[in-house]
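Take a look at these structures.
Look at the two complexes coming up: chain A is in both, with chain B in one and chain C in the other.
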Partner chain A sequence: MPKDKPIEGEKRVFMTGNEVVAWAALAADADIMFGYPITPQNEIMHYWTRLAPKFGRDFLQTEDELSAGFTTLGGVLAGRKAFTATAGPGNTLMQEPMSMAEAMRLPMVAIITQRGGPSTGTVIYSQQEVTMTTLGGNGEGMRIVYSTATHQELFDYTIKAFNAAWKYRFPTFVLGDGYQSKMRESLTIYDPAERGIAIVPPEPYFGKPGVPGVDRPPSQLRNTYNMEEELYEVVEHYLEDYAKVAPEVAEYHAHYVDDADLVVVAHGVVARAALMAVKELREDGYKVGYFRPVTLRPLPEKELREVAGRTKKFLVAESANGQLARLLKEGAYGCTTEMLPLFRPGMGITPEEVIAEAKKILG
Partner chain B sequence: MSLAQTIELAMPRCWRVDTKPHKFCPGCGHGLVLKALGYAIDELGIQDRAVFGCDIGCSLLSWDFFNLDTIQTHHGRTTPVITGIKRANPKLIGIAYMGDGGGYAIGSQHLVNAAARDEKITVILVNNTQYGMTGGQMAPTTLPGQKTETTPYGRDPEKTGFPFQGPEMVAAISRAGAYVARGTVANFRQLQRFLKRALENQMAGNGFSFVEVISACPTNWRTNAEETWNMIEHVLPQYFKVGEIKVPGAPAAQEGEKKDG
Partner chain C sequence: MTGDSARIVEAYTGEYASGKSEVAINRALGLAREGRPVTLVDLDIVEPCYTLRPLKKTLAAKGITVLAWETGQVGGLGETGNILRAENRWALKRPGDVVLDVGYGVEGAKTLNLLEGAGTDPDLRVLLVINIARPMTGSVEDILVYIKQMGRVDGLINNTHLGDETSVEIIQQGARVLAEAARRSGIPVVATTAVRELAALIGPKDCRGHPVRAIDRYMPGAFW
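Our next item is the complex of A and B:
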């Protein structure tokens, strides 16, 4: 049954990030959302539950995030574009279904709106869910994680997340934060077709035509293996696939890096402050550059290493105690670039703070 | 008649012949439950629509047991996975298969809420009074005085409670359209009937369906054939009442529904 188009052509709007995500999920042809209330993610559900019935989409409020994650996997198995959204302690619970998604290559999509931690922390903002979202669960971090910085990106990358998940069959995350969730901002929402963006169609794992074992082999998925060798073979194969698609998936932004003495590295909303700071410093004659990984998994390693090879110092600015920095250190291993911290766990970072820190370093 | 033909006749049609003999211990109840389920699926002719989910526990050994689309999930999480499948494609018939640890301990919140929401799925829970797969620890269903690896001197109800009454709980919290029963591997025909009715209840869209099955784990019980049978036939039914507990349309169930409006 053809669905009504939620967005005809394109439209200039002024919305909160959570509303943007709901519209983007509609535009990406998402079929069903499973969710459990947690701030600052709630309004994704609130908007979705208002919009979804108008476009033949579905919603279920589950008993917890374990259930939200596992019902999402069930939705995917049935061949529907299923997604969920969570934050903080909910993200912690969500790691269990995420690891099953990795084990079975299930295209689960989750929107993460980071809040302060550890524990219940704050409901406001942080970048402290980077380690958990990129590498959480018992597994090898075979996930795709987009860290957005603007509401326009929230729209663009939510659509992209569904496409990436169903194309590559790795669980995929849009990593936002409480600021992005709650803030209003101008952006253009659009019908992806108008922009030439093809929507990757879902495909059922279960319930294909015919009698299993008679007309077709049964579709049977497991996550338990008897022998070390059996599991090793599966994981090696997945890792190979992941390494193969990583260069295609990885995204980054870089400015003024060619002659920079210092490169400010940041992701998500902090990257906005970093870019503003770098522009101002350049105007004042400082040789400062800007590097921002858009994908935190896989990391744009080649480009990171190129920049690291050209500059003496990185200033890593993040609203966490070095969770991005750890990823960078691994990605740039062997490079001699010094990594200087501007870590504010659970706190926002302003351009002024970045400017002050950069000036202190450059003297 | 060839051996293969003989084996085939002894098996439900929806079983996968190439994965037999199955991987459960000799004398295990799981094989019998899955046989009764297989015949119920055959009788209803739903092999093309039934989707099977197994938990982590000895039920995981059934991930390639049937010629059915099958998902092996995590310990306790089979109920939400099957719920998600059913919600996303209501034409499928969702079967969640789990142990008493999976359903009554780690996944109890899912069982409670799926029943309360009246999910149109069928949950089959094998009660073998302990954790089989992990080597025989106490489960919510362990009998008073029963020795397990974590109650080596016998379960003390003062400290760890009485055997969990699963179907009774599900019956209490589910709506009038729910089907709830407790069967036993000691009464195979009755068990097959209960499982068939549970599936029919889902197919009719009446509501949630739940069947607990009293089963045997001779390996961890450390019982011989005779002792095993004695446990199943005489000991366990003292704590777990066998029979249909809630049947849609039956007078008692309708009473309950009227009361909650």
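Our next item is the complex of A and C:
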């Protein structure tokens, strides 16, 4: 007999990031994972396949990532909370189903554990899947992307990703990386209900009760249109919806920004190094601030522009060659803040490196 | 004490991220401190992260022989796996004590079968490292199921911890859970491990009488 609740109350535990994701998906009432192996994502699948049978959940390993993405959409259409996880070249292959999810407003949830690129790169770590995860595919980037920094956030935001996806009906991503996947640290896992977090229930897209067109609007699901005008009308409507929900979806963290001469901007695991660096610099009397977008799509634009209006310089620290910086430049267009790079494509960034760079800039 | 007392051959296995490598490293260094010749062997042929590879030189400098690839020598890790070093395959034929670090959970434990003499070595003991703060091995029932999946297990190690947040209480809780798992499985608890500061607070034996081994943490420096 499957057990009801994967987590009773709450518990302090010691885990790897991948394992955290599997437990969070259980806690979020995910029904099924579709996946194809790729490092550094593998243990999400491994732990899900070990845990799922105990709690009456399902798993299907497909022949590749293209198929894993599309079967995830099939699960969603059938009204199941379906998710997948991938990395690097797997994320590249999955852009096709992810675009379809945008086109048909399907609440696909995907965990991305960034690895080095271009191409197969390394299996270890990078932040080089920002552009692809936020704006990939042949679409308009109507996606929600949470970039996590700690194991606690991996747990919290994986649960939140399922809720956001099913509430707003845009494909939703938890953007991690190889470091977060493999690192071990303690966190509290919990039953969302005990924290007052209501789980948004899924519903089928097909086979709803009543006569289509009489008792309810017909379920007309399309990703192909005959005419430019037809497509334009649909996309315009989706873009309006996206713009409407963006302010309530967008999240950020900011510290010490009010009087800062320089603000370090970072996301994901690099934000941990950035915050440590900023705290140390403040202790040494440097007027340095910290800004971290938690959502990379939609970007917390209003808050970014406020900080940009107050400070002279941004130092953008990322393990990519300016993929975060490109999003920031678009978000802060027209602001005169200078944007200085600390770009290390595929390399980790330490607090010491951020401190050294900040001191060099501030003199 | 010299190396002429009975040969010690121990394989450390266990759930992914249970602390096998840290326990194995500290065991090898502990035996070396007693003046015994020790070979420490990396038998993780899956994992790109947290293996003995990055620590090879540091540990060798402390007077033990370390059989492991160096990170720059390996290619195709993770889903593609890695090649077992020829020297590692013959590790059980070496003189002196042998400590085997067998990575990557149940599937990884099968790597032990690739070693020459693993099925017949009279001194070999397979020790299962358990941290009850890992939910997959969090209760007596979970541990009993896990032992069955592992195949051969000759002894249990209580390596319960919460990283930097570890307390004496959680280590003792691990000792109580493992004592019960030992009673029900018939497999003894060989030791409780604890970082040096906490080991000093616990004393030479934990609350269930298992010997306490103090450990120093090397693995945080072994990410890749």
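Rule of thumb we're sticking to: the second predicted complex is superposed on the first by the 349 of 363 C-alpha atoms of A that agree within 3 Å, B and C clash if a C-alpha of one lies under 4 Å from a C-alpha of the other, contacts with A are read in each partner's own complex, and residues count from 1 in each chain.
Throughout what follows, contacts are C-beta pairs under 8 Å (C-beta built on N, C-alpha and C of every residue); 3 or more make two chains touch, one makes a residue touch a chain.
Not measured: the values here are computed from a predicted model.
Look at chain A after the overlay: chain B and chain C fit there side by side.
In the superposition on chain A, A:Asp58 makes contact with chain B only, not with chain C.
Contacts of A:Arg50 after superposition on the shared chain: chain C is touched, whereas chain B is not.
In the superposition on chain A, A:Thr72 makes contact with chain B only, while chain C stays out of contact range. Of the two partner chains placed by the overlay, only chain B lies in contact with A:Phe206; chain C stays clear of it.
In the overlay built on the shared chain, the residue A:Thr188 is in contact with neither chain B nor chain C.
In the superposition on chain A, A:Val214 makes contact with chain B only, while chain C stays out of contact range. Once both structures are fitted onto chain A, a short way to say it is that chain B and chain C open up an angle of 100° at chain A, using Cα centres and rounding to the nearest 10.
Once chain A of one complex is fitted onto chain A of the other, the partner contacts of A:Pro97 are limited to chain B, with no touch recorded for chain C.
After superposing the two complexes on their shared chain, the closest approach between C-alpha atoms of chain B and chain C is 20 Å.
Comparing the two interfaces of chain A, the one with chain B and the one with chain C have no residue in common. The touching residues of chain C, when paired with chain A in their complex, are 16-17, 48-50, 77-79, 131, 133-136, 138, 161-165, 223-224.
Residues 14, 16, 47-49, 51, 56, 60, 63-64, 66-74, 77, 80-89, 91-92, 109-110, 112-113 of chain B are the ones that touch chain A when the two sit in their complex. Residues 11-16, 19, 23, 37-40, 42-43, 46-47, 50, 123-125, 178-179, 182-186, 189 of chain A are the ones touching chain C in the complex.
Chain contact summary for the complex, chain A toward chain B: residues 31-32, 34, 58, 60, 62-64, 66-67, 69-80, 82, 96-97, 100, 204-208, 210-214, 218-224.
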